[in-house]
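Worksheet: one structure, shown below.
Letters A, B, C, D and E name the chains as they come in the text, with residue numbers starting at 1 for each one.
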Amino acid sequence: MSEHVAPLIVVLPLATAYSILLFCPKYWRYAQRASLICTGLLVVLTCILAMQVNVRGSVIYHFGNWSPPWGIEFLIDRISAFFLVMVSAISFVVILFANGLLYKEIKERVLGQYYALFLILLASLLGIASSNDLFNVFVFLEISSVSAAALVAVNGNKLALEASVKYLVLSTLGSGSLLLAIANIYMVTGYLNLTFIAEALPQAYALYPLNVLATLGLFVVGLTVKSALYPMHIWLPDAHGSAPTSSSAVLSALVVKVYIIVFLKLIFRVFTLEFVSQVPLQFVLLLMSALAILLGSLLAIRQTDIKKMLAYSTVAQIGYIFMGVGLLTYNGLLGAVLHILNHAIMKAMLFLSAGLLIKLTGKRDIRSLAGVGRIYPLPMIAFSLGSLAMVGIPPLNGFISKWYLSLGALEAGLPIYVLVILVSSFLNGLYYLPIVISAFFGQSTEPTYKPLPIPIGASIALICLCIATIFFGLFSGIPTQYLDPALENWFQL
Amino acid sequence: MTLLQLLLLLFLLICALMAGRIKDLISSVIIFAAYSLTMALLWQQLNAPDVAITEAAMGAGVTTLLLFAAISRTERME
Amino acid sequence: MKNLLGFVTLVFIGLLLLLVIQEMPVFGDPTNPVHNEVSQRYIEQTVEETGVLNAVTAIITDYRGFDTLGEITVLLTAIAGLLAVLRS
Amino acid sequence: MRDLIIRVISRFMIPFIQVYGAYIVLYGHLSPGGGFAGGTVIASSIILYILAYGLLSEEKRIPEHFTRVVESAGALFYVFVGLLGVLLGTRFLGNSVAGFPLGIPGRLSSGGTIFLLTFAIGMKVASTMITLFSHLIDEEREEG
Amino acid sequence: MFDFVRLADNAFYGMAIILFLTGFWIMLSHANLIKKIIGMNIMESAIFLFFVAIGYIKGGSAPILGREGVTYINPLPSALILTGIVVSVSVTAFALALVVKLYQHYGTVNVDEITQIRRGEA
């Protein structure tokens, strides 16, 4: 039975979402419980998968028992398994948080739909990370962009609607470009399965070199639009800034990352390092990511809305991840993959605590947070911990990924990017630390009032994330050792 | 490639350009329906009848109706 | 001005893609890479393996049935999203 | 729109459109077509009815919960058929390997799960399209 | 630079690319959201045309099997495009719902005007 875990991680949330839409769009309390149980089960299932991968190597599943070039294949390697565990764990925490708070943010009669959409988004993320078939990946990508846009628009305010339209239009451009790339690569190789494409690609490149290059270009354009690398980031701040809290958290922490996982698979498994280092991809990626890091941080400094600031910070952090990929070195890539995890934890924590504070104080402005730390210590401590991790203070997890990224930059012989990381850490400090300092030591402008109670689920969620931040800072060896064989395989060390 | 296919392709291009240029959204949507139907014909020419039927029903039928529905609740002129 | 810049960029991309097109496998040639063992099997074995005559139906509901599950989910997502947006 | 000619003609046409849609769905595995195209054709007949007769009064509408149930149940049915493959000892969405009888190619009842799945897709797509259209064109439709 | 004979052979691909760019251009240059959605649909069906053209074989026939001595076209692109069409209809429907809702809030579906209104409010 254990072999069926792989399809179950996608089918279980989908079936739960269908059941929610079938039985209880109105009785949202059942939807709440169902989604909590579903994500909890998913955490268990993905952990089982990760252990299977650790023991037996990549888990392979053929749908309908049709072997790969004919049917659809799930291939879960170490990177995917790592990502799957991360996705399910963080969405479990977010659901836990949302159960206490969400019904205050959006209308009651769309709550059933909200949970269904959330589970569908989750299923699509898990599907993208596990699928080894390009067209299947494309279908899940479309599911993820439609459901993510719906999760942004669901609270029905004007800004969120506008952001959602922008997001949908741009991500359609991205998917168009991706579909064209898939058509191109199918045309020259005749396969849709990544393993088979990788085998057929050298021959195809000999016959149709321009086609392969165009494919690579279209993939890069499509995936960078979807994951909001710098010049294509324009949809991100609005969408992540105006969505409901739990949506922002999951969008920033997980959704933009999954496209990077697809990108990694394409670059390192299909096109291979050898081919990629011949084309000027490294230059483009590094330039764009350096711009993303610096300009994202600078734009974040100018924001007064706390969620918008966090969204711009995401733009900068996506830059870090792409920089790690673009360095094309072992340590750089390790840093990038670790940063996917660390940023997911930190950003989920920041968005959740910021959303909680917004709900409790009723203000979105950064300056109005003065003195809040003494009234609501728990969310503000979580926020501060996230900020410190973002800046890269050593015992916390943000430091670890920056460390590996810097090592990777040195390994690639590009010390200038170490400088970029240092400057951006300084800039991060410039916009995060004043909030923390004024929240704990500043004088509140408001007269003191009786603090509202914090929902118990929200407290548990924040405490879990705090522990994770410290844990992955102190024991960074656990993910590193888990990922090491996969990365070594890619770099043929 | 036959003459019919070439003519259909040219008609497609004209439809696409006109759908972009015309200011009246209703006309634009009708031209888009013509574009979809031509596309369906072309797919029939390429021996893909399943896709042709689906495009005729979905692209030319439902998408057009949905666009009309949306225009009826918003404004007609660009 | 912004439009003009965009137009020039698009024309440039178009010319590049035309360069790619003239290198592509010739249209309708039976020896193209796409007509490999994958499509061979779909054509030769479908009747035997799935018992239906329409190869396209066999692919969407059997060989690649998981794609269709995704497709249904997209439709359902569109409905759930539409209801959520129109009612919010 | 609410012209007599249109009403009479559409009343005459709708059954034919529906029969055609049903044919496309049911014969999807033997001739061009399938669940998606046929479901849309069936839906378009209902949409034609709505257009010809105007937005219907409450008691004449297709009830909201009916389309909702068909949509979600269609999707759940698909998952259920997929899981049957697992329960019968093979993989998710297994068809002939899971022991579904394939029948004689060319007959209506051939193809194992394919026929069932196409039918479920057809029903689901038809109700989906009706829901999408009626919600887009109409202001507020509460759930019944 | 251009080999026109080869280009004429591949006219289907070329036209698909030109239509793709036309749709892209409509999406970029028009501020009206419904026009953008029409452009989106044009763009996507252009890609579908490209995909279907890949599977074509000269002298082939439709993949309704069971006939003797017939060359069939490649059925896989057709199957993929069926999925693609449904996906694009769903995206269109959802985008239209967003547009309708935006119109209720702002009284316009023009992106530039919406931006102006927002600036005026801020």
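Methods note: a contact is a pair of C-beta atoms (placed from the backbone, for glycine too) under 8 Å apart; a residue touches a chain by one contact, two chains touch by 3 or more.
Because the structure is predicted, anything quoted here is derived from the model rather than measured.
Student: Which chains, if any, touch chain A and chain B both?
Tutor: Both-contact set = C, D, E.
Student: Which neighbours does chain A have in common with chain E?
Tutor: C, D
Student: Measuring between Cα centroids, which chain is at the maximum distance from chain E?
Tutor: Result for the farthest chain: A.
Student: Where centres are the averaged C-alpha coordinates, which chain has the largest centre distance to chain C?
Tutor: Result for max centroid distance from chain C is chain A.
Student: Considering B-E alongside C-D, which chain pair is linked by more C-beta pairs in contact?
Tutor: B-E
Student: Cα centroid separation between chain B and chain D, in whole Å?
Tutor: 24
Student: Can you compute the centre-to-centre distance for chain C and chain E, using the mean CA position of each chain? Integer Å is fine.
Tutor: Here the centre of chain E sits 11 Å away from the centre of chain C.
Student: Taking each chain's centre as its mean C-alpha position, how far apart are chain A and chain D in Å?
Tutor: Here the centre of chain D sits 36 Å away from the centre of chain A.
Student: If I count partner chains per residue in chain D, which residues reach a count of at least 2?
Tutor: 30-34, 36, 71-72, 75, 79, 82, 92-93, 95, 105-106, 125, 132, 135-136
Student: Which positions in chain E are in touch with at least two other chains?
Tutor: 11-12, 18, 24-25, 29, 53-56, 60, 62-64, 66, 76-80, 82-83, 85-87, 89-91, 93-94, 96-101
Student: Which chain A residues reach two or more other chains?
Tutor: In chain A, residues 11, 14, 18, 21, 25, 63-64, 135, 139, 142, 146, 149-150, 153, 156, 161, 164, 186-187 touch at least two other chains, as defined above.
Student: For each chain, which other chains does it touch, given as pairs?
Tutor: By the stated definition, chains touch in these pairs: A-C, A-D, A-E, B-C, B-D, B-E, C-D, C-E, D-E.
Student: Quick one: which bits of chain B touch chain D in the complex? Just the residue numbers, please.
Tutor: Touching chain D from chain B are residues 49-50, 52-54, 56-58, 61-62, 65-66, 69-70, 72-73.
Student: Help me check something: in the complex, which residues belonging to chain E touch chain A?
Tutor: Chain E residues touching chain A: 20, 24, 27, 33, 36, 40, 43-44, 47, 50-51, 54, 76-77, 80, 83-84, 87, 90-91, 94-95, 98-99, 101-102, 105-106, 114, 118.
Student: Inside the complex, what are the residues of chain E that reach chain D?
Tutor: On the chain E side, the touching residues are 62, 64, 66, 82, 85-86, 93, 96-97, 100.
Student: Can you list the chain E residues touching chain C in their complex?
Tutor: Those in contact with chain C are residues 1-3, 6-7, 9-14, 17-18, 21, 24-25, 28-29, 53-58, 60, 63-66, 71-72, 74-80, 82-83, 86-87, 89-91, 93-94, 97-98, 100-101.
Student: Which stretch or stretches of chain D touch chain C in the complex?
Tutor: Listed in rising order, the residues are 28-36, 71-72, 74-75, 78-79, 82, 92-93, 95-96, 102-106, 110-114, 117-118, 121, 124-125, 128, 131-132, 135-136.
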